[in-house]
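To start, the structure itself, in structure tokens.
Naming follows writing order (A, B, C, D and E), and every chain is counted from residue 1.
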Amino acid sequence: MGLVIAALVIWGLAWWMNIRIANGAQADTKGAKLAVPAIFGLTLLVMWELIVRGLDVPMVILPAPSLIVVRFADSLPILWADFVQTVVKGALSGYVIGCAAAFVTAILVDRSDFLRRGLMPVGSFVAALPIVGTAPILVMWYGFDWQSKAAVVVVMVFFPMLVNITAGLQETTQMQRDQMKTWAAGYWQSFWTLRLPAAMPFVFNGLKISSTLALIGAIVAEFFGSPIVGMGFRISTSVGQLALDMVWAEILVAALAGSAFYGVVALIERKVTFWHPSQRG
Amino acid sequence: ASHADSSVKLQLQWVTQAQFAGYYVALEKGYYEEEGLEVEILPGGPDIAPPQVLAGGGADAMLNWMPSALAAREKGLPVVNIAQPFKSSGLMLTCWKDTGIEGPQDFKGKTIGVWFFGNEYPFLSWMSQEGISTDGGEDGVTVLKQGFNVDPLIQRQADCISTMTYNEYGQVLDAGVSEDELVTFKYEDMGVATLEDGIYVLEENLEDPAFKEKMVKFVRASMKGWKYAEENPDEAAGIVLDYDETGAQTEAHQVRMMGEIAKLTAGSNGALDPADYQRTVDTLLAGGSDPVITAAPEGAYTLEITDEALD
Amino acid sequence: MISAKSLDLTFETNDGPVHALKGVDLDIGKGEFVSFIGPSGCGKTTFLRCIAALETPTGGELTVNGMTPENARQARAYGYVFQAAGLYPWRTIAGNIKLPLEIMGFSKAEQKKRVEQVLELVDLAGFGGKFPWQLSGGMQQRASIARALSFDADILLMDEPFGALDEIVRDHLNEELLKLWARTGKTIGFVTHSIPEAVYLSTKIVVMSPRPGRITDVIDSPLPKERPLDIRDTPEFLEIAHRVREGLRAGHAYD
Amino acid sequence: MMRTIFPVAVVVAVIVGLWYAACIPMNIHTAATQAERAGMVIDPEGAAERRDMGAIALALRNTGIWGDTWAQDKPRLPAPHQVVTELWETTVEKKVTSKRSLIFHGWVTLSATLLGFGIGTVAGILLAVGIVHSRAMDMSVMPWAIASQTIPILAIAPMIIVVLNSVGLQGLIPKAIISAYLSFFPVVVGMVKGFRSPSQMQIDQMRTWSASRSQTFWKLRLPASMPYLFASLKIGIAASLVGAIVGELPTGAVRGLGARLLTGSYYGQTIQIWSALFATAILAAVLVAAVAAMERATLKRMGVGR
Amino acid sequence: MISAKSLDLTFETNDGPVHALKGVDLDIGKGEFVSFIGPSGCGKTTFLRCIAALETPTGGELTVNGMTPENARQARAYGYVFQAAGLYPWRTIAGNIKLPLEIMGFSKAEQKKRVEQVLELVDLAGFGGKFPWQLSGGMQQRASIARALSFDADILLMDEPFGALDEIVRDHLNEELLKLWARTGKTIGFVTHSIPEAVYLSTKIVVMSPRPGRITDVIDSPLPKERPLDIRDTPEFLEIAHRVREGLRAGHAYD
């Protein structure tokens, strides 16, 4: 019980500290912007540790963070192999294929109003098919290795990307399109010089959403059949072996990879859409 | 938790099917009620680790395969076998005959589907006894984590897959494959059979006499259910079907399953045979580089409950 | 140069037809500076868009340079300046001005030369490398004019180009525009809300009134071609301004 | 209306056509085996012979059994009419209390979805209120909320179930919590945007009237956030549905559309899987449409909808 | 009424400090109509915001009604009209005008009475039940003025209230504003970009110049209180306008 009370006290202290920093004079510095969420996250971890220890929660239900970190450090080769299988082979390739396919479709849809009106409602219906249902089917069709995982990812990212790219291509103002007309520009000329650049903020919005979807899709698909490597495989078998520390180590990898993936996309976004007001700060 | 009340929650390791007929029969026929018990049967699924549920207090007893239960014991979750309704193992590998596989040594260079989630232990120790690596390549087998149906074999994504005599094997036949196209290896025949479907509880709970008392009644009633199911397979299958809330099962399938299950429970009165236990432990200890358990477990089973129940 | 004969344009909307232009007759000769003035919704923009072939009239005749407006557009007969600068934020000022040149297929060297030329012309030399948001509103508007000038069309159409600027900047740009017009001899069509601006700039002022949009008065300005800013305090100027105001008020239903 | 219906009908017709065509190579092997058993002559003879043969080649050499590929019992790819028939039988022809009725299972899933959606929405809005009003919360919570969404829910769902189980929560609540976990995030993001959507001018205006923080919230921020609220609710309710289905898997897969999907896949009941899939998508479409209707009604009452 | 003594305001930004106001001295008496005019960025808005206690000066002294601006704000000493009408689209016109009254805790009956009163005052009687988007821009701006008047503060601060409207509507609203001022005797601070507007409306014109923002000229208008629109064509008017323009040009660095 003492540890639980300690956890609450630490929570209070950390909160007070964060309020001080956030409302203090240095609030807008880079340091503060990193420190505040870091303190918050650390507090969560410390509370988790203390509460798990304080309440004697069995390891097979919820391991303490310290155990997870130890397992993480001990299993680096396994985690790396799983990471390569799931993230690099499954998620990334599916992400690239899915986004490319969405891009091509978006152009088709853009060129033909008939296709837009026909395809978009059907597409949104298909997008509502839950992954836990489609994944087994795709594993059945595309086999056990990463190809089927990539297929699941393609299915997951395709529609959000399509919606965002199409919305982005509509993003130009009437005036901008008229302007192109006054210069007697062709479809592709105005596509490359006007509509595509103007669509970029939307495209990146889609890319960001899809980056987390891709990772989750690849992991979940492994639950329905996989070779004996991969993050989803490891998670599901480790649960069976009650190796919960391993499960959490994989979740940690997933969270790190997901955040990094998201971060990289956001960074590229900054570079590409430097001109957008939201990026100029 | 207090064990003074009369409620028992049983965690199954899979969805409602004839594999668990004995318990459903006992429930339906009122055998539990006769013992003064209120039994709730919790179906499982691929995402459920029964030992975890037990540890979390979500159930009083669980069904489990012994390798998995012993592994949990080593992980610091002391579970104890109190009864063993299944005498023999229904686990086997089913292979295409045209792959040229005739004996275990022919597995080299082939792709084999295995279930994991506890079911992989007997396979791994079998392979290590045969001296075959499981890391793929020319001289090893490539292991796949098989989903929970027989597609990998039908689609030829694997040369062999794991099947239970009472379930997946029938599904293979249902898919239009005839028996003479297949080669099967029963673990029982290969001498690597491990005990399946035993009843386990937490060791600390057994220290409570009231709980023990309850388990005695539970095991007694359950075995009564099992024996009834063995003798009346069609009726038992019907009862299971009634309890399946997903409405996904078909009658033909459950009837056939019940027939096969009856063969596995046939030799058991519910009491664990220490010789079977020893064979299981030996098989697991022979597990090679990736051992399921590292040392022979102590106190992993008790005969007290069955002794009392079967008097 | 531009000639409209009983031009009609009716928009079909959900609430029924809107007569944006009705029986508009107008001739604009080469080298003229024509201002369009009138209350909101009287069809000034619509008329300019018809000339630019961005709208298709529903009746009457309209020729631009002796061609149909559509052909004139394909022949890149005019430059069009919209109310907002409408520069692409992802291109530098020079990149923005280069854009129509790229589209029209000018050579790289030619592009470079012309960009420098027009930047000079609108007093923005040295700002080619900046991005639009790094410039003030007035500078952006000048860049936008430079862009419309870059491919050297005979006609320049401007739809309230200075509407968003403050009076001083506006005065300054008005002076510049007059100089540019004098130097290049282009034909200019200019939409504005400001009476002094219209009077100060134009050789011809077209007063319009709404519902349906039509021309109520065409005033030929007697002012000399050379116009210092002070001219706005002269009686001739005030007289024309007064006439314009009267014309406007006549056609104006408040709000 | 007609402008949408016709193109959609054409697209659907094309998809259905492709689907039927795809059934042929997908199911040709089993169809051939069954036909052979029934005494037909198949070219080439013997299942083993055909095993390594390309599906399309086999289909071309046995055009006579194409019809059979659309009438398999457990096809690799069920034909559209099989799915529709199954949907019809399990919704209209079964009593809603029957466990073979998709309406029964749909209701089970729906109840968890709605409860989870409610919890997620309330939590999301409260969090957004906190983020908008406290700089400390803004700076600390947001990065972690994003990170939380990179965790595969299917991996932690069983743990959530077990943990809640150990504190005595069972049945609907754990499923609803998983569903809430998925739906709170879009609501937080949308509502933070929404609460911040009033312009600086509007906020200054409130200050010129010496409005208190709560007055500013109720009279300005909240009404201004309505369009954002509904946009995120639409995403949120679809996410809730996915969450409820994921939550059904580790609760013993007893009832609900998720259980239906899962057990269907254990026994290779492809027709059942596909019909459950479509039922889910239809349910999602209905839920989103319901939110959209609520949106229209609310905005109209606020006078914003034109 | 309002008195500023060597008022300073410096914004700290990433690119270093911006001197928005520097050494501003000004006294505004009761019932005066004071216009602020000057090029963009000269601190007009900032000065108005200081009076409204929306910004805090970094130096000098400022009193409003003899109190600190903060206290004056708490005492609801002024109404503030922003450039855009800024009506809430989810409230009717009446609902919008009622909003500050709700916030200030007026009784229901009183709210109703005042809403009717001010709607009358700005010529919008009968439009209370309409939503803002059902009104023209000019009507919206009048509603926004009505809202600032509703709680009957002594001071009315207006930051380019007519900037977005066309000249005719603007003329009309100017006339109305003068009438309203005459009727209510309020003290008005009015920011504008338009020289005629400033001259036409004010009893005192404050000309400002930027970088740092300061007052370059304060012109007391000799025009009579009664001002028909035609007054803008009189020599007196033109003379003041000329002086304002000179003052502006002196302080204006183009762009």
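Methods note: a residue touches a chain if its C-beta (ideal position, glycine included) is under 8 Å from a C-beta of that chain, and two chains touch if they have at least 3 such contacts.
Per UniProt, the chains are A = ABC transporter permease; C, E = Sulfonate ABC transporter ATP-binding protein.
A quick note: this is a predicted structure, and the numbers were derived from the prediction, not measured.
Undergrad: State which chains count as neighbours of chain B and simultaneously of chain C.
TA: In this structure, the chains that contact chain C and also chain B are A.
Undergrad: For chain A and chain B, which third chains touch each of them?
TA: Under the touch definition, chain A and chain B have D as mutual neighbours.
Undergrad: Starting from the Cα centroid of chain E, hunt down the chain whose centroid lies farthest away.
TA: It is B.
Undergrad: Based on mean C-alpha positions, which chain is nearest the centroid of every protein C-alpha shown?
TA: The chain sitting closest to the overall C-alpha centre is A.
Undergrad: Among the chains here, which has the CA centroid at the largest distance from chain C's centroid?
TA: B
Undergrad: Where's the contact count highest, between which chains?
TA: A-D
Undergrad: Between chain B and chain D, what distance separates the C-alpha centroids? Give it in angstrom.
TA: Their C-alpha centroids are separated by 34 Å.
Undergrad: Roughly how far is chain B from chain E, going centre to centre by Cα mean, in whole Å?
TA: Each chain's C-alpha centroid was found; their separation is 84 Å.
Undergrad: Centre to centre, by mean C-alpha position, how many angstrom separate chain C and chain D?
TA: The separation of the two C-alpha centroids amounts to 54 Å.
Undergrad: What is the distance in Å between the mean C-alpha positions of chain A and chain C?
TA: Using C-alpha averages as centres, the distance is 49 Å.
Undergrad: Mind pulling the residue numbers of chain D that touch at least two other chains?
TA: Within chain D, the residues that touch at least two other chains are 76, 154, 158, 162-163, 166, 249, 262, 265.
Undergrad: Touching two or more other chains, which residues of chain A qualify?
TA: 61, 136, 140, 223-224, 236, 239
Undergrad: Of all residues in chain E, which are in touch with two or more distinct other chains?
TA: none
Undergrad: Could you please write down every pair of chains that are in touch?
TA: A-B, A-C, A-D, B-D, C-E, D-E
Undergrad: With touch defined as at the start, can you tell me which chain D residues reach chain B in the complex?
TA: Interface residues on chain D, with respect to chain B: 30, 33-34, 37, 47-48, 51, 74, 76, 98-101, 105, 154, 157-158, 162-163, 165-166, 170, 249-250, 252-255, 259-260, 262-269, 272.
Undergrad: Going by the contact rule set out above, which residues of chain C touch chain A in the complex?
TA: Of all residues in chain C, those touching chain A are 49, 52-54, 73-74, 76, 78-80, 82, 84, 86, 88-90, 99-100, 102-104, 131, 133, 151.
Undergrad: Quick check: in the complex, which residue numbers of chain B touch chain A?
TA: 46-47, 49, 51-52, 55-56, 68, 71-72, 75-77, 116-118, 120, 134, 142-147, 151-152, 155, 157-158
Undergrad: Which positions of chain D touch chain A when the two form their complex?
TA: Interface residues on the chain D side: 3-4, 7-12, 15, 76, 134-136, 138-144, 146-147, 149-156, 158-159, 162-163, 166, 238, 241-242, 245-246, 249, 258, 261-262, 265, 270, 273, 276-278, 280-281, 284-285.
Undergrad: Spell out the part of chain A that touches chain C in their complex, as residue ranges.
TA: My answer: residues 173, 175-176, 178-185, 189, 193-194, 197-198, 200, 273-277, 280.
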